[in-house]
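Take a look at these structures.
Two complexes follow with chain A in common, the first pairing it with chain B and the second with chain C.
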Partner chain A sequence: MRRGAAALWGTLGVLAVILLWEAYKFLGPAEGVVVGADGSTGSGVMILPRTNDRAMPHVWDMVARLFQSTSGGDTPPLIVPVVTAALTTLGIAAVGWLIGVLVGTLFGLMMQRWKLVEWGILPWIVVSQTVPLIAFAPVVNSLGLQIDRGGFPWPQWLSVAVISSYLAFFPVAVGVLRGLDAPDRIHEDLMRTYAAGYWQTLLHLRLPAAVPHLLPALRLAAANAVVGAVVAEVSIGMRGGIGRMLIQLAGQASSDPAAPWGPTFGTIALGLVAAGSVALLGLALKNYRRGEATA
Partner chain B sequence: MRHSTRRGLAAVATAAIASLALAACSAPSSDDSGSSEDFEPLTSIKLQLQWLPQAQFAGYYVAADQGFFEEEGFDSVEIVPSGGDIVPQDALVAGDVDFAVAWVPKVLGTLEATGVELTDIAQVFQKSGTLQVSWADSGIESVADFEGKRIGSWGYGNEWEIFAAMAAEDLDSTSVSITTQDFSMNALLDRDVDAAQAMTYNEWAQILEVVNPATGELYQPEDFNVISYEDTEGAMLQDAIWADTARLADDPAYADAAVRFLEAVIKGWVFARDNPEEAASITYDAAINAEAAFPVGPVHQLWQMNEVNKLIWAGGDFGLIDSAAWDKTVAGALAAVNQDGLNLITTEPAASAYSNDYIQQALDALAEEGVEVGGEYTPIEVTLTEGGQ
Partner chain C sequence: MSPATTTSAAAVRATGVGKVFPTKAGEVVALTGVELEVRAGEFVSLIGPSGCGKSTLLRLIADLDPASSGELSIFGKPAAQARVDQDYGIAFQQAGLLPWRTVASNIGLPLELHKVGRAERTARVAELAELVGLTEFVDRYPDQLSGGMQQRVAIARALASRPKLLLMDEPFGALDEMTREYLQSELTRIAAETEAAVVFVTHSIPEAVFLSDRVVVMSPRPGRITDVITTDFGHDRDDALRESPEYFERVTAVREALHGVKVERANER
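So, the complex of A and B:
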């Protein structure tokens, strides 16, 4: 019953977006609305976007384009390379997510164990997230190239995975730290009266208590890993993934405006799949999910 | 790297057999580099392109498809596309590839910035294919009209012709507003810029593949003003084949491979000149089978083939570097100042930056075989379709 309602709401949500899109396209001004223009080209600020067919193709045109050949001739329908590229990026993002979760958990564990470590590195972890990804990506890429030239094989996708892990580790580190600190004082004292050591307390008290904090952190990490992988692909120019495909097809946006929307839908599906996979993880841990804050 | 080691091993394994076979058959090209064959001829090389597979590079794909590389004694020629991820001249300097296709001004910038030495061994495009496209009602008919306008450019080294042409008109780069445009032509079509950069063989066709909402038909050339940089002082040499200068001097096998490679490339482009439809379809097939290339459709490729041929076959022999055009490029590169006040180069490039020795040897060898290596191209009529599909 509840599942049916959820599906219904989900469908309604998608329909609402389609309706909004088409309604705005129908009612909005074809050339948009610009304020503060002084008459010269490109001046002013656009407050309402354009609705012409190049800026906003019809929903049905975008869907139909998915089933037309990618590059004319006998090339497969656009949806085939979109799915392939999305799966490639998903795989890279999954590796990035794993690295991020590992590193984040390690940081979280250390910070919880030793207050000094928390004081020492938590600020740096926060600062690390203010480094723009597009500045950081080429550095990782050139490091990877140097390692590769040095004889140790370092494929380009590994650079992308490392960059995406850089975004993914942050919520995990913070989530693990908060989660491990979550048990009530009284329970910690109880463990102490049992003469339980650090590892026993960790295993039987802290980790189970951390689950409600951990799951939202993992979900955030999954979303971050996907964003990181897509941005990294674009900024280091790795071919094969959905981010790069988006940029390549955007080059045809004038003459074939529906084409770049194919990979755009691919990225949306990718994010949903990534978040959904973490939800599956939550299902497996449902015994520990009491009082989880929804995120 | 990994590929090259594996390929390298394979090459070593086949080298003995191949060189014996070559010596026996004595391919006409392999003996024009000198009689004393005291080196093992290279049989496996890599060519770095500056963009994804498209008809801009038809000559190389045709040479591979038609077996011209084998005829010149190569077992394998790997054509490496770039999606912006690989800078051709950097890949060449790093030794990842043996030859690279790149624009002259971009390489000149790299040569000065890094102090490396590369040599232009064949000037494939004799003319500049860059345009600045504006609406017919914009009143922009020459570079002098840029003043006070919003001018689109891609950046990444594609902007120097604009600044060189402006410098020749005594226009300061601050007197116009330079805007980075993306790779679609929407900025022009939506009138976000007054004039947008376009290549004759790519973006110009993209504009003409768009339906004009006023007429319901595709946009026509009359709807636009087109400034060709070829007609300005800003014209610079574009697609050229580059080789490693030091390796050319020190490694006779590499110098020999350069000549044989150029012979195959000339044959490829001659084929493209004489059979543009077939060459375009060969390239299109290569492009749709390449990994993640997503080329624009076959009609667009044929347009590109036609336009590229016009840039290559300017009357002289294929690939010879015209010293006047080279000097003009250098002068433009020295004069150009971008919107940040930076120069592309500040001193003249080394004399080793171009050499006609290799292309001349290749041309002579082919002329002896009776190949028509020069002349004009007779353009064909290409009717564009919506989206180029």
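So, the complex of A and C:
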């Protein structure tokens, strides 16, 4: 019942976006609206985008392009390299997610156990997220290259995974910290009456009670890991992933305007698969979500 | 549970026990000069207006908070040792079941934490479920049970380690009158069967009188014991007792003992 309604709203949302796109394309001016132009090309401020087929291809053209050959001749339909690239990025993002979850959990555990650690590092964890990815992606990349040259094999995708884990660990650290502090006072008292130690309390009370806080954190981490992986690929110029493909096809957009939409759809699908995997995890853990307020 | 537990020693012995909470607004004297002895197998209720330190006294006995002064011994040993030895079981006003565990695994939690083998645990859980009349519900989850059933699970869990002392803080406080009376009768039966001493916190006079061998009357600011009323009803307590003249006599005695503090309570509001 609920799930059916969710699927319905999801479909309606997608349809609404398509409709808006096509409606504006149909009604809007072909060359857009520019104010303050003085006659020379490129002057003025564009307040409404162009609607011609080069700027805004029809949705059906974007979809059809997926099934046309990638770059003419015998090359396979565009969807094949899109899927391959998306899977490559998905794999890297998954590694980044795992690293992020491990590191974030470790931080969360330490901060929950020792208040002093929380005071000491929580501000830094928050600050870390304000450093733009593109600023330190090259740093990670060159570190990776040095390690690789030093004899320890360090493939470029590992740098991408590390960079994506940088975005993924944050929600996990905060979620674990909040989640482990979630148990009711009465439950903590009970564990004390059982003379249960830190690890027993962690295993039998804190971790299970943290699940409702952890699932949203893991979902956020998955989305972050995907974004991180795509941006990292682009900023360190790794080949084979969907980020690089997006940039490449966007460069050819003037001659093939529908093509960059292929990898764009690929990226969206990637995010959905990542979030869906975490949702599956939530299903597996449904007993730990009993009593959770239905939202 | 531990061999050091000697049945001859009193279940609880408090001498000059006091508790002071340091708060931002100054010190709160929650308890002062508490003298109390609970014999093995005895059922003792603590009654008094809210804020008179009933919960605090129970938490001191359970070693959930340390006493500020005086001495407290449980079966002849310090409260901390008694807690580690699992000499008591405890139940609160909220059942406090773990929502992700079934009834059976909630009851078995203390045993699991103390590394009791699976076979022994299963047998003990079945026994306890039977004792509280929940055999058919062992595979349910807490959110599928009524409040009264949840409270029975909590009692079974408190009894899991076969403690000789049961600490209960208004365990029936959140239940409707019908369920309450039913569980009171069940509790007298369970206490008799397990031969455990019980320290039972309540603010219901009929409840205290029906259940207890002795009713300890407390008064607030500072929290202290003002009176102790013995009931002498023996072990057999059924619904006929609730209508007997002796019962009403004790109810009146407890009410009068509380009366002095009732005036203070009116001021408190």
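Rule of thumb we're sticking to: the second predicted complex is superposed on the first by the 271 of 295 C-alpha atoms of A that agree within 3 Å, B and C clash if a C-alpha of one lies under 4 Å from a C-alpha of the other, contacts with A are read in each partner's own complex, and residues count from 1 in each chain.
Here is the rule we use: a contact is a pair of C-beta atoms (placed from the backbone, for glycine too) under 8 Å apart; a residue touches a chain by one contact, two chains touch by 3 or more.
Keep in mind the model is a prediction, meaning the values are calculated, not measured.
Chemist: Taking chain A as the common reference for superposition, should the pair chain B and chain C be classed as clashing or as fitting?
Modeler: fit
Chemist: Angle at the Cα centre of chain A spanned by the Cα centres of chain C and chain B: state it in steps of 10 degrees.
Modeler: 160
Chemist: Tell me which partner touches more residues of chain A in the superposed arrangement, chain B or chain C.
Modeler: B
Chemist: After lining up the shared chain so the two structures overlap, which partner does A:200 touch, if you call chain B first and chain C second: first, second, both or neither?
Modeler: So A:200 only meets chain C here.
Chemist: So, A:238: does it touch chain B (first), chain C (second), both, or neither?
Modeler: first
Chemist: Taking the superposition as given, does A:252 touch the first partner, chain B, the second, chain C, both, or neither?
Modeler: The answer is first: A:252 touches chain B but not chain C.
Chemist: Where does A:148 make contact in the superposed view: on chain B (first), on chain C (second), on both, or on neither?
Modeler: In the superposition, A:148 contacts chain B only.
Chemist: In the superposition described above, what is the shortest C-alpha distance between chain B and chain C in Å? Please give a whole number.
Modeler: 48
Chemist: On chain A, which stretch or stretches are contacted by chain B in one complex as well as by chain C in the other?
Modeler: Shared contact residues on chain A (touching chain B in one complex, chain C in the other): none at all.
Chemist: If we count contacts the way the header does, which residues on chain A are in touch with chain B in the complex?
Modeler: Spelled out, the residues of chain A in touch with chain B are 31, 40-42, 50, 52-55, 68-73, 75, 81, 85, 148-149, 153, 156, 236-240, 244-245, 247-256.
Chemist: Looking at the complex, which residues from chain C come into contact with chain A?
Modeler: Against chain A, the touching part of chain C is residues 62-64, 83-84, 86, 88, 90, 92, 94, 96, 98-100, 109-110, 112-114, 141-143.
Chemist: Which residues of chain B touch chain A once you look at their complex with the stated criterion?
Modeler: 1-2, 52, 83-86, 94, 148-150, 177, 179, 182-186, 189-194, 206-207, 209-210, 213, 284, 287-288, 291-299, 386-389
Chemist: So in the complex, the part of chain A that touches chain C is made up of which residues?
Modeler: 184, 186-187, 189-190, 192-196, 200, 204-205, 208, 211, 287-288, 290-291
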